[in-house]
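Here it is, the structure in full.
By written order: A, B, C and D. Residues from 1 in each chain.
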Amino acid sequence: MQLGVIGLGRMGQIVVDRVLAAGHDVVAFDLDEAAVAAAAEVGADPADSIADFLEQLEGAKRIWLMVPAGAAVDATLEELEPHLEDDDIVVDGGNSKFQDSVRRAESCPAAYLDCGTSGGPAGADLGFSLMVGGPEAAYAELEPIFDAVATGPDGHGHMGPAGSGHYVKMVHNGVEYALMQAYGEGFELLYEGRYDLDLEDVSRVWNNGAVIRSWLLELCEEAFREEGTDLVDVADRVEGGSTGTWTVQEGLEQEVPVPLIYTALSERFGSRADDGRFSRRLANRLRYGFGRHEVPRRE
Amino acid sequence: MQLGVIGLGRMGQIVVDRVLAAGHDVVAFDLDEAAVAAAAEVGADPADSIADFLEQLEGAKRIWLMVPAGAAVDATLEELEPHLEDDDIVVDGGNSKFQDSVRRAESCPAAYLDCGTSGGPAGADLGFSLMVGGPEAAYAELEPIFDAVATGPDGHGHMGPAGSGHYVKMVHNGVEYALMQAYGEGFELLYEGRYDLDLEDVSRVWNNGAVIRSWLLELCEEAFREEGTDLVDVADRVEGGSTGTWTVQEGLEQEVPVPLIYTALSERFGSRADDGRFSRRLANRLRYGFGRHEVPRRE
Amino acid sequence: MQLGVIGLGRMGQIVVDRVLAAGHDVVAFDLDEAAVAAAAEVGADPADSIADFLEQLEGAKRIWLMVPAGAAVDATLEELEPHLEDDDIVVDGGNSKFQDSVRRAESCPAAYLDCGTSGGPAGADLGFSLMVGGPEAAYAELEPIFDAVATGPDGHGHMGPAGSGHYVKMVHNGVEYALMQAYGEGFELLYEGRYDLDLEDVSRVWNNGAVIRSWLLELCEEAFREEGTDLVDVADRVEGGSTGTWTVQEGLEQEVPVPLIYTALSERFGSRADDGRFSRRLANRLRYGFGRHEVPRRE
Amino acid sequence: MQLGVIGLGRMGQIVVDRVLAAGHDVVAFDLDEAAVAAAAEVGADPADSIADFLEQLEGAKRIWLMVPAGAAVDATLEELEPHLEDDDIVVDGGNSKFQDSVRRAESCPAAYLDCGTSGGPAGADLGFSLMVGGPEAAYAELEPIFDAVATGPDGHGHMGPAGSGHYVKMVHNGVEYALMQAYGEGFELLYEGRYDLDLEDVSRVWNNGAVIRSWLLELCEEAFREEGTDLVDVADRVEGGSTGTWTVQEGLEQEVPVPLIYTALSERFGSRADDGRFSRRLANRLRYGFGRHEVPRRE
């Protein structure tokens, strides 16, 4: 099969590599010429413009977008859509908001698949987990590609209609926030607690047979091995949060409580309060108000 | 009625003042001679030792302890108990753990009343709220004293048997933590939010007729008036937490969820993490592990 | 001053009563003729249509809307706007979303004031708390009306530009959710806990001098007095949630953690899970998976 | 090596099987004769009393306790201790409270190892994760046994002094509560959300390459496969909670916030409120108090 790939960042490059390795052909385009050259070097056909890219695609077009979520997806679609027909297929493999995917699927002349992609850089060797939404026939048509990009046939699935792939990925990420924070609470308690523990050793033992073993826990073990048990050089301001925010918003709309996900997200917000937390300043002043506890002052 | 008061800190002094103002007699003792002298100045009979204190009490003894919770209460009782009989009454007006009060009530030869006291320094003028546990007859006997120390007859009540006074006070304080944090969240959102608001003005309007009006909100208004709307000089490390911790522990034992109280308490713990939060450092390293987000480093 | 009032439900009727009582004139309209008749009975000039209502307003129009938030406000404005000019003033005293108020203020030919109103039915006697956003001159012009509707001059304030009144009211309601839940946790712990307590008595003592005294706590006292200490007849499914949801959404947007407000809101969502909570069913099955704890089955 | 095993429940039997399979000798005792017979059948030397058990142990004794945490451990130790010397070794492989293990280590004449054991019934084939506290020399001496019981040399570790093994296991379980709840929130949102999803399929795709893949997620997949995607027959009252409670208590003592673990634990408490939640009944009555929302009544 021939696949066109637009967007050759870290994730896009992995898609190219895995699809080529599975014996398919790839036409590759990116605004960054160096990224196109790198794709060409491993066997993709380079395109130097969207026009050139489209021209190189033969028969019904199969296009994988791996561009940043948001405006870049819309801009790319705007260029592509005049040249698409209903037997073409477009896959958005990025981290788009599911509502955007629903909207795009409606206006796109081609069959539109929204594909949540999880696994990070480790997916280069292992393959990704792919959650795909959109027309079932288009999904079936692209199965050989999904087999290649995913860990294999078990690593992808058709979730449901338009938007459902990114919806499931959104919830995946919400859960990811909570899992990270759950391990964080455990290790923080061990770190601050009453024994002097080697956290690399703890996570190694846990990763071998314990109920809470997981890939994230393997990453914890790696973190302690590479950074030391106290992670002493790592800062504690945590960025990110968009997919977590979307998950909480959907929980509000569906009236489903997601307090662990919310708390994990809040923890990140709190980590960025450079000027301190107003609620704490107020608490100090109130403790003076009702108990004459001395108001601590900023230094 | 004659009342002996041991412990003449801010709260003990208010007890002395209010009991005297109601026409009763007071014998006052404290390890700090200046505090005894101050009590004498407003009309109390000064005692220069526990022995002297006991000697000055006539007939069945009525003794109010207003010493710091913990060891000081036990130490004082140890000195008093050889001289107490079963028609004597001891009131512990401090912030004792209810289990301690149950234990002390069992071993004290006198009737023992555990009295949760709320209201802070403002109680000087207004009177306190008194939650009293222990033998009902002893409570009835001391009603004139409670009328004087409390806001009046409505400001005190017999909660139940030994320990129940401090139990109700413990829960009161747990609720207090959550209320403070609830107002804190609201004002923090207004402060960080999309309008440039005068928070003194907001709290003034709320205190006049709004559903959330309260004494704590009046203290917020006072805080903004005296410190400015941004509380700019106030530090954001919050001390305290013992009664909140006890409340959560009791919730665990009773299997009653108290997530707001727990979260308010956690917020204080988090405010004291001088070296940053370990869980956040781990989160940053994990974000590198699965997403190659650059690890932020400490400066 | 002459005020036109549209919307004569419980809250609108109180506005009419208080404005009349302060010596002003009122023209009153509602789709419900009985409500108009009731307003006429206490001294308002009845209008039998929007056209009639507008005709009766003399000079620059001052109009107070007290209709349900949402579509009813837009529908009313659509009828009014062709007849409004820039020296007219419209007040929306309902519980509108602040973004709607910003939008309406932009398109309304008259000066538009968004007025958050708090206090509930108790406001009939006491007056309301009014948080007003919009043009300062319009606010100043209507001060006599606000003095009458609010508890007095202290019960209202100009918060800032368009939307700020309903923004402050939104946060007020978010805090209200958390306060209710905080008291709920405390009373639930006392109710389930180790003493057999009279909760009316507890709340009465707390309301007299304790740090956590408040109007909501007075309502708790009233609840226990009228329903009994165990609230035995009251169901435990809790409705409502829109303003709490808006507050959490704004917290997400501003990246300000509001975990107590979120948890209070979640508690309501959870109370409505008629078919049980899916996460709990899953927990039971997982406990079997790793620990062979027998899976409890539905009866 | 010869190992004596006391306690032949599901977990003890697995210990016997794995130690025998590794070529060691086992003397097995349990109060339940059938369990002893079962152990004998697979090659263990049966003991019909503690005395018989002790007699069959040759040289320095190596004893593994796999009896229920709490009183059973103390009762067994009481019987054993008169016969133990300081070159003997006792392992407590159960789920004991770490403070109990510290106490027992102090009074036991033998070297005492507290060994947190994780992995559940799946450990029969795979081996367990073993977190061991106590004297390092005793741990080293028993390494061949730990190699056999664990997944292998990577599946066990010496955490630190007495109590540290059960301490790390306690935190492990706290994290386990939070992980279960995190997945529960995600699947509940997917279940209640806007797409009709096959949750077995979702978890299968996630388990192949996604960031949140884990053993617990494999158990979710198994749950949906065996129970159906809606877990329709599973009840939603969740038992258990002791190790979670201990973790939260230790968090309180160390002043380390563990809100996710606390919330997961609370969720279980809430699931057992057979008579409804008091705080919700109060919320309903308060909504009447300030807003005249009709009070819903129990049916």
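Keep this in mind: a contact is a pair of C-beta atoms (placed from the backbone, for glycine too) under 8 Å apart; a residue touches a chain by one contact, two chains touch by 3 or more.
Remember, it's a predicted structure, so these values are computed and weren't measured experimentally.
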item: Farthest chain (mean CA position) relative to subunit A; value: B
item: C-D compared against B-C, more contacting pairs; value: B-C
item: Where subunit C and subunit D are represented by their mean Cα positions, the distance between them in whole Å; value: 48
item: Inter-chain centre distance, subunit B versus subunit D - centres from mean C-alpha coordinates, in Å; value: 40
item: Mean-CA-position distance for subunit C and subunit B (Å); value: 33
item: Junction residues of subunit B - those touching two or more other chains; value: 119-120, 181, 183, 185, 188, 192, 211, 215-216, 255-259, 263, 267, 270, 290
item: Interfacial residue positions of subunit D with respect to subunit C in the complex; value: 10, 119-122, 180-181, 183-185, 187-188, 191-192, 215-216, 219-220, 222-223, 227, 230-240, 259, 267-268, 270-271, 276-287, 289-293, 295-299
item: Sites on subunit B touched by subunit D in the complex; value: 211, 241, 245, 248-249, 252, 255-259, 262-263, 265-267, 269-270, 272, 290
item: Subunit A residues within the subunit D interface of the complex; value: 118-120, 123, 126-131, 133, 150-152, 154-157, 159-161, 163-164, 167-168, 171-172, 174-176, 178-179, 181-183, 185-186, 188-190, 192-197, 201-202, 204-217, 247, 250-251, 254-261, 263-264
